[in-house]
Amino acid sequence: MIEVLNFGLAALILGLAVWTIVAREAPAAVVGFIVYGLLLTLVWLQLHGIDVALTEAAIGGGLTGVLLISAAVRLRSTETTARAQRSSASTRWLAAALSAAVTGALAICVLALPEPAPTLAPQVLANIAVTEVGNPITAVLLAFRAMDTLLEAIVLLFALIGVWSLAPDRAWGGRPGPLQQADPNGMLDYVARVLPPIGIVAGIYIFWIGADHPGGKFQGATILAAMWLLVMMAGLADAPPISRRWLRWLLVAGPLAFIAVGVLGAITAGAFLSYPLGHAKTLILVIEFALMPTLTLVLGLMLLGAPLRGEAP
Amino acid sequence: MKLLLELWTIVAVIAGAFFFFAGTVGLLRFPDSLTRLHALSKADNLGLGLVVLGLLPQVDSVSAGLKIVGIWLLVLLSGATAAQWIARTLRQSGPDS
Amino acid sequence: MTAATLFGLCAAALIGVGLFGLIVNPHPLRKILAFNVVGSGVFLLFGAIARRGAAAGMGGDPVPQALLITGIVVAFSATALAVALLLRLFDVSGSVTLSSDVPAKTGNDAGAH
Amino acid sequence: MTEFLLGAAAFILGMVALGLVRILRGPGDADRIMAAQLFGAGGIAAVLLLGTATGESATLDVALTLALLAAFAAFAFVKAKLAQSPGESRTADSP
């Protein structure tokens, strides 16, 4: 039964990927891509990566879908000109041949993977006790390969600065996203009042259990960011102007705390980002708590895009 | 008792699966967008609800049971809102938008 | 066939499909989508390899799985940046074409809203 | 029991996957979003069934995340659509 399920999943995913590429209209392609994200979540479950499945469910299915569907609807009018520029038949054949070659080479690699597979799982298991966290993924993210996570937080911040830098001069420092009108009798208004309290609890819960079970700050922060967006979509709250000092401080608080802990490690434990024995879990929690608001804000603001309006609401 | 609970699970999950089947048939066969929307909201409300009811005896703790009921309620809430919103765009711009 | 091999092969196909779309689709938003398909294919390949590394009571090698989480988040931020660039180009020029032989709409106030 | 739950998950997924034909046929974007909504509900049901079948309790959290974010794409779609025709949205807003 499980084989049937897996084969079905693989076939569906491939079909949707092809649809995403060949669909005539961009919104249709994006809807295919949203379903594709949901299917990937199921595949991650089948591959025993529950943490990855959570991330995919939150980001791949949720935030990316919101981002792309809004853009696709807005850019609708540009599609006819783009279709007129269709590449020539020879280009298409060449592209098909190249893609087939890449797929073939990768397939050969997949079939020729070494047996037994190399793995770091035993090393992780042997050293996880030192970090005092129960979830091996969290141990990898915040102890064994903490540098990756630090750089990731900084990359996210840079991406946000990149998005902001696209603001027209007169809107710099202003509020991102379109101005939404509240509709007190509307359904969205209702959902935006009922869902966020539940969503915030769920987001903090996913963040909190991340130390010992699948979950963690990225997934939790994504849920929180989505709830924030819902409130802004319904017009119940406006986006903050990006020049606000508190906003800037919160945005750098996470990476700064991370770096501070790293420097502390360099002083007390002999290497950047290494934790003094017996304090690992405390420091990991400090980093996670500091990163949580930063990640929530960065993810939410990134979806809103560049500021387009002045400071006035 | 255990047999009874297993029977309950099987009956409820099959009933839930039937509603997903019905929802799909409706989505594919109904003539216009609003009737299709009607078929869809039956499927996610009742189909998922029956699956959740069927799974209740199989979960290993009370909190897990509460969690899956909560998941159903969340889907009810957001599904109903989404359906209402989709209907609004349909009314505004015609079914072929 | 094990799940890891099956999804590994599926990932190889996804990368090919995405690459094809990246080359032949003229619309930049479709290129972003195709790029995301390639990206998810790479992630899936990585995930299949992580699954093969199941040992010590874990369902998969936790190191690549953790890197995958990092990767998915970074891919999202790259997508958001790309979409923001595209929307800005649309606001400024009224079109999203990347080729120089199609004249862009002129006389449009930069970032008018 | 495990086999039954897995079978039910596969059946439900197969059913909602058939519904995806709506994404191919349209005719409108709204119909496509509907197919995605149906698939979302079916996907959550499948995750719950899979999670119960494997006895992995953390799977429920995946379903929870999916349930929280299931309708966001639909909301964003409608918002973008209404923003395209601001004049009409005022009349549609009145209950």
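First chain written, first letter: the chains are A, B, C and D, and each begins at residue 1.
Methods note: a residue touches a chain if its C-beta (ideal position, glycine included) is under 8 Å from a C-beta of that chain, and two chains touch if they have at least 3 such contacts.
Being a predicted model, the structure only gives us computed values, none of them experimental.
Across the two interfaces under comparison, A-B and B-D, the one joined by more C-beta contacts turns out to be B-D.
With chains reduced to the mean position of their C-alpha atoms, the one farthest from subunit C is B. Subunit A and subunit B, compared by their mean Cα positions, are separated by 27 Å. Centroids built from CA atoms put subunit C at 31 Å from subunit B. Distance between chain centres (mean CA atoms), subunit B to subunit D: 10 Å. Subunit A and subunit D have CA centres that are 19 Å apart. Residue numbers of subunit A whose C-beta contacts span two or more other chains: 2, 46, 50, 63, 74, 188, 195, 198. Looking at subunit D, residues 29, 33, 35, 40, 64, 68, 75, 81 sit in touch with two or more other chains. Of all the residues in subunit D, the ones that touch subunit A in their complex are 3, 6-7, 9-10, 13-14, 17, 20, 23-24, 26, 29, 32-33, 35-36, 39-40, 43, 46-47, 50-51, 56, 58-59, 61-62, 64-66, 68-69, 72-73, 75-77, 79-81, 83-84, 93-95.
Partner subunit A is touched in their complex by these residues of subunit B: 70, 74, 77-78, 80-81, 84-85.
Contact residues on subunit D toward subunit B in their complex (touch as defined above): 1, 4-5, 8, 11-12, 15-16, 18-19, 21-22, 27-31, 33-35, 37-38, 40-42, 44-45, 48-49, 52, 55, 57, 60, 63-64, 67-68, 70-71, 74-75, 78, 81-82, 85, 88-89, 92. By the touch rule above, subunit A contacts subunit D in their complex via residues 1-2, 4-5, 8-9, 12, 16, 19, 25, 27-28, 31-32, 34-35, 38-39, 41-42, 45-46, 50, 53-54, 57-58, 61-63, 65-66, 69-70, 73-74, 76, 178, 180-181, 183, 185-186, 188, 195, 198-199, 202, 206, 209, 213-215, 219, 223, 226, 229-230, 233. Of all residues in subunit A, those touching subunit B in their complex are 187-188, 190-191, 194-195, 198.
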